[in-house]
Amino acid sequence: ATLDDVKARGALNCGVSQGLPGFSNPDDKGNWTGLDVDFCRAIAAAIFNDASKVKYSPLSAKDRFTALQSGAIDVLSRNTTWTMSRDTTLGFNFVGVMYYDGQGFMVRKSLNLKSVNELNGASICVQTGTTNELNVGDYFRTNNLKYELIAFATIDETIKAYDSGRCDAFTSDQSQLYAVRLKLTNASDHVVLPEVISKEPLGPVVRHGDDQWFDLVKWSYFALVDAEELGVNSKNVDQMVSSPNPEIKRLLGSDGKFGEAIGLPVDWVARMVKQVGNYGEIFDRNLGPNTPLAIDRGLNKLWNKGGLQYGMPVR
Amino acid sequence: MTDARWSEPAPTRRWSWTDPALRSAVIQIALAIALIWMAWSFFANAQANLARQGIASGFGFLDNSAGFGITQTLIPYSESMSYGRAFLVGLLNTLLVAALGIVLATIIGFLVGVARLSKNVVIKALASAYVEVTRNLPPLFQILFWYLAVLSTMPSPRQSWSFGLQPMFNAFAGWASGIGLTPLSDMLAALAGDVSAPGVFINNRGLVVPRPVFEADFSIIFWIFVAGIAAAFLLARWARRRQERTGQQFPSFWAGLALVAVPPTIAGFLLGWPLSFETPVLRGFNFVGGIRVIPEFVALLVALAIYTAGFIAEIVRAGILAVSKGQTEAAYSLGLRSGPTLRLVVIPQAMRVIVPPLTSQYLNLTKNSTLGVAVGYPDLFAIFAGTTLNQTGQAIEIIALTMAVYLVISILTSALMGWYNKRVALVER
Amino acid sequence: MTTAQNPVSYVAPTDLLKPEPAPVSDRGAYGWARAHLFGSVGQVLLTLFGILVVLAVVPPMVRFFITDAVFIGTNREACLPETVGRPVGACWPFIAAKWNQILYGFYPADERWRVNVVYGLGVVLLIPLLIPRAPYKRTNALAFFGIYPLISFVLLTGGDLDMRSFVLGWIGLDFGVTASANGLRLTFWLQFLVVTLLAMASGMALAPVFGGERRAVALGILKAFAVVGIVMLAMDFDFGLPQVETRQWGGLLVTLVIAVTGIVASLPLGILLALGRRSELPLVKYSSIIFIEFWRGVPLITVLFFATYMLPLFLPGRFTIDGLLRALVGVALFASAYMAEVVRGGLQAIPKGQYEGAMAVGLRSGLMMRLVILPQALKLVIPGIVNNFIGLFKDTTLVLIVSIFDLLGILRASFTDPAWATPTTLFTGFGFAGLVYFVFCYGMSRYSMALERRLDRNQRH
Amino acid sequence: MSQTSQIKADAVAGEAEQAVELIGVNKWYGDFHVLRDINLSVRRGERIVVCGPSGSGKSTMIRCINRLEEHQKGRIIVDGIELTNDLKRIDEVRREVGMVFQHFNLFPHLTILENCTLAPMWVRKMPKKEAEEVAMHFLTKVKIPEQAGKYPGQLSGGQQQRVAIARALCMRPRIMLFDEPTSALDPEMVKEVLDTMVSLANEGMTMLCVTHEMGFARQVADRVIFMDAGQIIEMNEPEPFFSNPQHERTRLFLSQILH
Amino acid sequence: MSQTSQIKADAVAGEAEQAVELIGVNKWYGDFHVLRDINLSVRRGERIVVCGPSGSGKSTMIRCINRLEEHQKGRIIVDGIELTNDLKRIDEVRREVGMVFQHFNLFPHLTILENCTLAPMWVRKMPKKEAEEVAMHFLTKVKIPEQAGKYPGQLSGGQQQRVAIARALCMRPRIMLFDEPTSALDPEMVKEVLDTMVSLANEGMTMLCVTHEMGFARQVADRVIFMDAGQIIEMNEPEPFFSNPQHERTRLFLSQILH
């Protein structure tokens, strides 16, 4: 079983992106940081009580599925869009949605565009190996628009090509549009168009065939969201263990032995939150207003704050 | 000399344990068994692994609709067509860039190779610098350089550099009437009328040229053109025969060129030019109409050609140096001038040395075209082993097919060059 | 001296004419310039063209990389035109900030001294090896090719491999011993010993069949096993170094490891393949041909992709091999196919007389190859070999697609760091990496030329 | 067209005179003085053998005569045409002068017949048929007409050298230069080549021949020249040259070569 | 161990007999019958010169004796060891037989000394020091001990051929084969090599020598063999062979070679 392999190995093999600002990128010291990275760290914290016991496999878009299929990684936490074919024919299980994204367009201000529908005949730069490539095709076809799609291997060349004027528009998940602006010669000359042409639910993925592992990863995610909802964070988690709130008690293991059902000790959530933080903390640390990206939480607010993030109850 | 009694055949050999023949048989059988066992276990494992994880397999996916757009398509293609079609589009794009790259690289390589043997030190130094720089930087860098640092400095479509055909034709017409060639002048003026808008644009979306639109009568011109080519060939043959017969030489190249070019022009004039051009116009973001050469293609082509030419230059230099000085001297001492000496004596011999390593370079160029994905050129690798693989996730089938295609291209190229090399091989005693 | 009225017979005076200097027009700077620079109109034009090219290329480069470049700073702010107030060229602080990653990848900071030792030792061993006049060539070569890789392996990975079974263990025979010390497992070494003895015994038994001497064969096998044993012992022993996994390696370290391993492994493999291709045994010959043509025919990218992501699907169970190792194997096989063709060219160039000369003095085919044919063939094809090395070095950039972060890969990953996202980061990184690649490749090609010239001088005919 | 007439004038003037004339010829390779004040006149129909130790400049002198090397001082007049930088004159001279090299230098990619017809067709603009007839004539003369369809690589050394002679003769030169034509041959083959050269000499061809075959020199040479250190040391008719060499160096050399 | 003893037995039997024996040897290259029923016995210490026109099979015969070529019919027994496909026997024979080639075939990447010590060290497993002593001994014998440190490319042809002889001698062979050892040499150098061979002959070495140096044959040969079209046409002692050849073909050949 995967959990046994992970335990025997002493580390979690986690597939991340080769560099996606805010989701997974190495910092100056060479440490991997980002939302996707933190999720892996949280799982490691749950299993080993040590968030650093993760081995990262930085994967390109087109390598990622093969890597997971072949067992080179235990979990793929690499802004992967949840689609039916991926969930079924590729032999995977998506565990949840870490980040609700949608595909957007960036264009030059000077073009004075108000809508994607005005992009008839435009050249569009996109990174290859993503769902973005297909969404553009679908959207423009439905709206009877002509377009020229230029697909690059990596995001950096895509941006350079857009910046130099090769393309009229740059399209990617909206989360990326923010990161991209930092690299443009004149960020203020560009605007993001209002339309979001697709749903891009990004989430971690595991292989078919190991339900225990599937449950473990899935509930790690739910627990992180629940922790935020219940106000448990890395600073107060030690006090919260003795909270009278029964939900918190179940979550943190002071009531019941929920962890054991997925092969973990009872304090697994406490470990995660203490070392990595709850969902909100993770989001803020990597994408929040204090980062260069400064992404609005939008759809990723908790369900009770007007967003879609909804942790299933631990009970 | 040969008595009948000597024409007996050689006797068969005796067997012994230390006989190399027997030993070789044993080794070979062992090797064969090992190879077969390995192949079988690979296959069995893959089957088992795929079945266990429930991964789809087989080539059925080729019929599914692709759903993504492709910038450069040599055959009609749209998103609703199948992955199989996309595969074909990619294959053709690969073949296009490889074929043109080979031609360009060969031309540049020969020029630079000869320049390295030049007496002029500046040219020699430049050629050497060219070779050193191009050979010692990874091709990926060079592709990115041409794309990001050179081609992207072109103006936007609105500020395109335009080259009008009309002013050009008018200028020629004026010149023609100036020297009294009225019919030609009229013809050129008529042509200028046809291409009212400026026809050629260069911008950061590529090079746009008018697309010729053929009218019904054009076929006449076409057939005259074909006949011209045939006539040029006949002329060349006649000239060769005549030289053999009388020793007289005839400028068959120029005469042939005239045969190919002049009659269709006259016919076109008489028929009132049944040919028009669809001129590209700037509409919205891009030019509409005309034929467009995308910068991704140009960057890849130029980078590959220039990179490979560095290697070819060295091969050519070595090939020329390999023809001994004695050959040139012998030709000179027979009274041949340097032109014929090069053409009749040196190059045919140098080619034998050049061809085998040249083949390798052609193969390398073809394989390096996979780097085009970095600048968004939709070659086979980008479309098929890239996007298609990502969308379908069927790695085994796709990578196997991709490898097979490149392998076939390589083997065909080698076979072709090998055949050529065999044809020109020296006969030895 | 005779006159133009040429007599039928003539005898020179006893003291002959002394040599005179050549006429001025053919000598010195003037003669040289006339011959090489302005001999004709065409030459003058070519010279001007050359100068134009230089003017078109050099100044923009200088402007971007030096004049307009930013040299000091701690984050992207320093390299933004808005903050600097002028057009900005290269952003060198970015390289400075990522310097450690460029050198070491994600190698743990506390353990970087190990990489430094490997770098340093490599330089110390390599330089005397490259200097033709330096003494102790044989010892030096042995140290560089034999001992240095072992030390590097232990230092870089931390050694202490987890070796449990040797041949016999794979078929289920492990003697039931569990004792271990200093990272060494007794059962493994027991198996090793038994296998050694078995191999020696079977070697002795089979020796006469193949025309060998029993004692010599047995000794040969013993020696081979002894070498393998020492190597494994060094890798198995626990030197107390923390393990550093290959996925933490990166940058120049990985580039050099791949290039050097490829270079060192491809030469012997290539030689074997070349010999195989010339073998008289059809099966050996054709499998060599198929192998060579296959690797030469497919792009390295597909090979690396296959080796990294698909190979596990073809291997039994959850059998996995280290990622870097897989890429290394892919690169080495690829390079050896190319090397084989180069070596074959050299072998073909050796005249038949050399084979016959060797046979006539009684050398058997193995010795003949080793002592007579290969040394000459390899010397002949040094340029081709070095070309392959250069190609290999450049090809290391491709391992990025299989998520091994070589020099270029680590730079690309660094481009995504929001703290350094500026318009010129990309060009700075590429410029820097290009320079590194150029320095290495150009160095190799120059060195090979010098070597060739030196060997030529040694054995003029 | 003044040049051609100039050449003609030279030629007419020369017609009566010498076939080859070297007047104070000097040549340097870089700073190395390889030919030192060479003076030599060769009459029409004269046969001259040149010998001397290795590196003495024999080949260089021969090669200057058909301008495979450029001389820097002095005058070389061949068949009345003085050699200058003028390409036209060089062409003229090369047409008149045939050369046979030590290593044959046949064109390996052409058949024997093609080797022989190449220059007549491209330089003399001879029709192919005529060129082939001429070639077969001379191939018959050197006794290998049956090899016409083969490639040089398929012939023995002696045969190749005979082809080289035939190839040069096909241009119907007035002067033949030989640079050690037999020294790359097996001993058995030396004779067949020497025989060919003897018969050529007997027909009255002007010949300059670098060789160490002293038997040949005795048999056909009108004069023998001994060179050393870039100069002509001794020049004489064969009989006195061999029997009574004047210069000390000549004596030394002859004692070595006639062991 | 039956094989080795078999070889030994052969060897003992041979000790008293012939050094080389060819019995009805036939060889084909594809369909070309190159050796036809060759019968020849060479006694110990005998010196045999083989001559004949080019392509007559002289080299092939010599090369069959140390199995550089395989024969297909008949028996070849060298020093009592019959040559079969058995690699062991071939090794034995090659150790006993030294060979000198027309083109020297020295190893250009090794110094003269290394050329000479290579085989003794690797085949005879001699210590390096001893091998070098032996090598210097024979290099002194061929009169070029001072060149030991040079590379073959730095020597003249005559010197190279003498090195080749020394190299063969270092294996202390009982039989020496020479295949036209002087035919690739400049005429000035032939003498020094022949001198070396004469002194070797005087020491009683068994020698088989293909050569056209008839002076040498007269001086040292015990028998001269004339071959043509793959057969031995005539075999006799030198005196009668040269003065009174029996076969018509021999006469024709001798007239050509002694021009």
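Each chain gets a letter, A, B, C, D and E, in the order it is written, and its residues are counted from 1.
Assume a contact is a pair of C-beta atoms (placed from the backbone, for glycine too) under 8 Å apart; a residue touches a chain by one contact, two chains touch by 3 or more.
On a predicted model such as this, the values are computed, not experimentally measured, just so you know.
Considering the contact criterion stated above, the chains in touch with subunit A and with subunit C alike are B. Overlaying subunit D onto subunit E using CA atoms gives a rotation of 170 degrees, to the nearest 5. Each chain gets a centre from the mean of its Cα atoms; the one farthest from the centre of subunit E is A. Chain-level centrality, scored on Cα centres against the all-protein Cα centre, points to C.
With A-B and B-D as the two chain pairs, more C-beta contacts join A-B.
Computed from the mean C-alpha positions, the centre of subunit C lies at a distance of 45 Å from the centre of subunit E. Subunit C and subunit D, compared by their mean Cα positions, are separated by 53 Å. Per-chain Cα centroids separate subunit A from subunit D by 87 Å. Subunit E has its Cα centroid 40 Å from the Cα centroid of subunit D.
Multi-chain contact residues of subunit B (touching two or more other chains): 18, 144, 148, 385, 395. Among all residues of subunit A, those that touch two or more other chains are 66, 69, 154, 160. Residue positions 211, 305, 309-310, 312-313, 426 of subunit C are each in touch with at least two other chains. Subunit B makes touch with subunit D in their complex at residues 243-249, 324, 326-327, 329-337, 340, 344-345, 348-349, 352, 424, 426-429. Against subunit B, the residues of subunit C that register as touching in their complex are 35-37, 39, 43, 46-47, 49-51, 53, 209-211, 280-284, 287, 293-294, 296-302, 305-306, 309-310, 312-316, 341, 390, 394-395, 397-398, 408, 426-427, 430, 433-434, 437-438, 441-442, 445.
Of all residues in subunit A, those touching subunit C in their complex are 5, 18-22, 25-31, 55-60, 63, 66-67, 69-72, 154-156, 160, 163, 179, 182-185, 291-293. Considering their complex, residues 63, 66, 68, 87, 91, 94-95, 97-99, 101, 103, 105-109, 118-119, 121-131, 150-151, 153-156, 167-168, 171 of subunit D touch subunit B. Note for the complex: subunit B touches subunit C at residues 17-18, 23-24, 27-28, 31-32, 35, 41-42, 45-46, 49-50, 118-123, 125-126, 132-133, 135-141, 144-145, 148-149, 360, 363, 367-368, 370, 381, 385, 395-396, 399, 402-403, 406-407, 409-411, 414.
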